[in-house]
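Everything on this sheet refers to the single structure shown next.
We just call them A, B and C in the order they show up, numbering each chain from 1.
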Amino acid sequence: MQSELSGILEHVDRIQSLDLSEVEPTSHVVALENVMRPDEPRPSLPRERALEPAPDPYEGAFRVPSPNA
Amino acid sequence: MSANLDGYEAVIGLEIHVQLRTRTKMFCGCELSFGDDPNVHTCPVCLAHPGSLPTLNEQAVRYGIQIGLALGCEIAPRSIFHRKNYFYPDLPKAYQISQYDIPLARNGRLGDVRIHRVHLEEDAAKLIHVGESGRIHGSDASLVDFNRGGTPLVEIVTEPDLRDATAAREWLQLLRSTIKAIGASDVNMEEGSLRCDANVSIRPAGSQELGTKTELKNMNSFRFLERGIQAELERQVALVRAGEPIEQETLHFDPRTGTLTPLRSKEYAHDYRYFPEPDLVPLAPTQEMLEEARAALPELPAQRLERYQSELGIPEAQAKLLAYDGELGDYFEAAVGAGTEASATGIANWVTGDLTARLREAAGEDGEVHAADSRVTPQAIAELVAMVEAKQVTAQAGREVLAKLVVEGGSPAEIVEREGLASISDSGELEGIVAAAIDSDPDAAEKVREGNMKAIGPLVGYVMRETKGRADGGEVTRLIRKQLGLD
Amino acid sequence: MSIRELIELSAAEALRRITAGEISAAELFDAYAAVPDELNAYLWRAEPGAADGNGAGAGAEGPLAGLPLAVKDIFCTEGIATTAGSRILEGYVPPYTATSVQRVTDAGARILGKTNMDEFAMGSSNENSAFGPVLNPWDKARVPGGSSGGSAAAVAAGLAPWALGTDTGGSIRQPAALCGIVGLKPTYGAISRYGMIAFASSLDQCGPLTRTVTDAALLLRELQGRDDRDSTSVGIEGGVELPSREDLRGLRFGVPRELGPEAEGIEAGVREVFERTLRRIEELGGELDECELPHSRHGISAYYVIAPAEASANLARYDGVRYGMRDPDARDLTGMYERTRGRGFGAEVKRRIMLGTYALSSGYYEAYYGQAQRVRTKIAEDFRAAFERFDFLVTPTAPTVAFELGSKTDDPLAMYLNDYCTVPVSLAGIPAISIPGGLAQPDGGGPELPVGVQVISPAFTESKLLDAAYALEQAIGFDARPPGFGGGEA
């Protein structure tokens, strides 16, 4: 994995040599602005559906090992 | 609580999170929860199911712009969202959609404090530590409730312009009432719709450099905020005086014990690897959006403060109390506008003084009662003040009337009539009582005649008792002196 | 009609016959459902007879009249397991359906099955699936391409008339080329991404894999459109016209030097088919000339920074908390994250997550992610400049024909270089189609295998692109079928 990553990085590093200081980085592909949604409620999932895929559902919640453990 | 900082100056900045009063979450159409059962307001988006995408709540944007304008900020002509990446069970996407180097608003001011930035982001879910009862494989468990996850937040960061803990508390109260006036949030610290962290450092008085700062988190009341900051300032001063360095760390203040403990923060030394959120497009508030937001702003506390002082002549301390508490200010204005002869300064005096004190007494242990929720209507207090100013009742009698109003409501004039509290305006009656006072205490009378004015006390007291406080103290003194032949 | 005859029909032809009452959608569905899948193209398949039960309303109504459709397992389908080719989502059943899938099933399509794919769409050979590689119906010892390898193989082998796939750096076009079918990546934003499991958000697009250009147009027409659940979607203004062009007169075609037949690594056979195709363009009246896309030679470098960076964030949600796999032996939270992701993700996915995390990390962001996004801006500019002189650009889709299974798995970089003709198009967000240009042998000899030709056009000009591609397709007249067609020997 290590050598593969190094090889890839070497190739990718080629772009370092380009002088692109005057160029704007692309941050958004579509030329859209202000796409918003009205503050109107949409139906939520019934709780059983929300918990169905859970690996460890418990009392209506998603149980996980405690971060402080 | 002024800081005795031993030649050091406090440098305090605040970082505030406000939950917005929208109907739905920041990036999906789930409704906001108010103490509902866990996980009843979730969907593929706020549960971060594979393939889900965020969509921006337009009302959250409107509130964000209004808050930015109310804080005197420049609204960015174009701002974007960023992903803030870290792992934690309350963060379902393992990134928070927030704003990074191009926030919604910047460079504002509220009162004496400059605002560094205002931006939009989403709240995390709620983690409930189950502890003993949830043992799995021998370790403790936590439960995650995603109802709160995705609630719209506005984050406000100030410059470190505050210089003591009390000022921090007062400024936060001003911020709270400003946002409350806009209607953007309940801004309730106990409920979590207003959260405040403080960045605290000290430096030698007069120095321009900044010392190492610590962060105080999770102070959930104004009092705790003030006490926590004060405790931290004192701790830092003690360290510096002992020649010890101040660690940059995050601390938790326990108000019961008054101690500060370092938090093993999930964010220590974290690289959030911010990058622009590709699933959302930039926000470029149009002229229309800005004007609409601005037009919808009500008179804000800072503006009220100015108006109360300059137009109504209310002294600063009282003006602050009335302006910073939106409801109290509204109450005050209603009283001023009630069509009585009462002066604005008089009303201000009574509202911020006796009324507030009486209501606090009546509320007792349970906390605050707001004037607007009390039985004393603005009309009633205005009428009472007018009566006092017209000397129809003495101030003391007025306080008795107020006490009755607090308990039963009603009209001051009726209470005065019923209880017989009207000032004695018939000087004949008063003259008679004064004479009786002099007769009852010849020793005191003699002393007064001889020029010892301190001895007038018992005589005045006699008259006041007899008249049940309905005589004007100044008038009584004048009559005593006259009857004793002094003037 | 026999099963063989049914599955040889293009979607458009089948539609015509269904509408004319000559065949029923149900019998067409059952014919496809009965074809043996010896290519591991499907991860889940509907039973014959299931036509009316899955993914759509009752009856074979709507413009797609009950036509069966294969769907890449990257699209969430409510009630049907969706894995994205990964162990970490094994058994995951989405509570919702992707908008693109919903649109086509609302239009009448019926889901035949979920096709195999490179894990989380990361790959060019479909060898990165947690559920085994897909085989190429032209030669089962070879790859079908990726990441939409299952969809491409299914369409080429008569296991589906058409399929949905996704393309991030070439994942529709390249497998289409290697399997001898048509694959279209539309303009970024033409089709909703809601419900499409994300790999690289600013690059991923849904698109059709079909037997003919007309079929691609038919499917695109139903797929495209603004979705209020996807803020980056705009649809195609004016919709999609079905193609009808008979020649290429008056159209100017540019051949980018950097991506053309003289570029490094192009097999002789591919070059030959490509040049023959260029002659055909001229015969049809098209004008040909050379052009330059100077920054396209950096496309792979930029892509393999941007895509993994976005992927590292998009795949962070697979943490075992709310759905999918959770390692049962984890003792604490960190262990849960590490073991779940360590066991749930394959090597290529891990590689890209690491690359991506590195590219975004403090101190490296500007040099990697920032710089890559600047290269991307220049690549887009190069295309825009080229489109001032040309209506279309044309390149080979892939530098080689289908390669042998396992021949590039030891060298990820060699695998990445498969994409260098397709990746610049993705970075620019513009549409491109791959159509079969002919057959050729690989360098070093072997069976004759399909060669794809890529035609590229400016943003949101899909109707024109399909029109030109149609004329070329008709002139080329590629009608070969793989030996593995219909489940036969290959």
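Operating definition for what follows: contacts are C-beta pairs under 8 Å (C-beta built on N, C-alpha and C of every residue); 3 or more make two chains touch, one makes a residue touch a chain.
None of these values were measured; they are calculated from a predicted model.
Visitor: Average the C-alpha coordinates of each chain, average all protein C-alpha coordinates together, and give the chain whose average is closest to the overall one.
Guide: That would be A.
Visitor: For the chain pairs B-C and A-B, which is connected through the larger number of C-beta pairs in contact?
Guide: Counting C-beta pairs in contact, A-B comes out ahead.
Visitor: Where the CA atoms of subunit A average out and where those of subunit C average out, how many Å apart are those spots?
Guide: Going by mean C-alpha positions, subunit A sits 22 Å from subunit C.
Visitor: Centroid from C-alpha atoms only, then distance subunit A to subunit B, rounded to Å. What do you get?
Guide: Those two chain centres are 38 Å apart.
Visitor: Could you please state the distance in Å, as a whole number, between where the Cα atoms of subunit B are centred and where those of subunit C are centred?
Guide: The separation of the two C-alpha centroids amounts to 58 Å.
Visitor: Two or more other chains touching the same residue: where does that happen in subunit A?
Guide: Subunit A, residues with two or more chain partners: 27-30, 32, 35, 37, 45, 50, 56, 62, 64-67, 69.
Visitor: Could you check subunit C for residues that touch two or more other chains and list them?
Guide: 92, 95, 202, 228, 231-232, 321-323, 331-333 - these are the residues of subunit C that touch more than one other chain.
Visitor: For subunit B, which residues are shared contacts with two or more other chains?
Guide: Within subunit B, residues 44, 47, 55-56, 89, 139, 144, 278, 280-281 contact more than one other chain.
Visitor: In the complex, go through subunit C and note every residue touching subunit A.
Guide: Going through subunit C, the ones touching subunit A are 92-93, 95, 188-189, 202, 228, 231-232, 234, 298, 300-302, 304-305, 320-326, 330-333, 335-336, 347, 350-351, 354-355, 358, 367-368, 370-378, 380, 411-413, 416, 429.
Visitor: Could you please specify the touching residues of subunit C with respect to subunit B in the complex?
Guide: 75-76, 82, 84, 89, 92, 94-96, 98, 193-198, 201-202, 228-232, 309-310, 312-313, 316-319, 321-323, 331-333, 337, 357, 360-362, 365, 369
Visitor: Mind listing the subunit B positions that touch subunit C in their complex?
Guide: 44, 47-56, 83, 85, 87, 89, 92-95, 137-139, 144, 271, 273-275, 278-281
Visitor: Which positions of subunit A touch subunit B when the two form their complex?
Guide: Where subunit A meets subunit B, its residues are 27-30, 32-45, 47, 50-51, 56, 58-69.
Visitor: With touch defined as at the start, can you tell me which subunit B residues reach subunit A in the complex?
Guide: Within the complex, subunit B touches subunit A at residues 22-24, 28-31, 37-44, 47, 55-61, 78, 80, 88-89, 127-131, 134, 136, 139-146, 264, 266, 276, 278, 280-286, 289.
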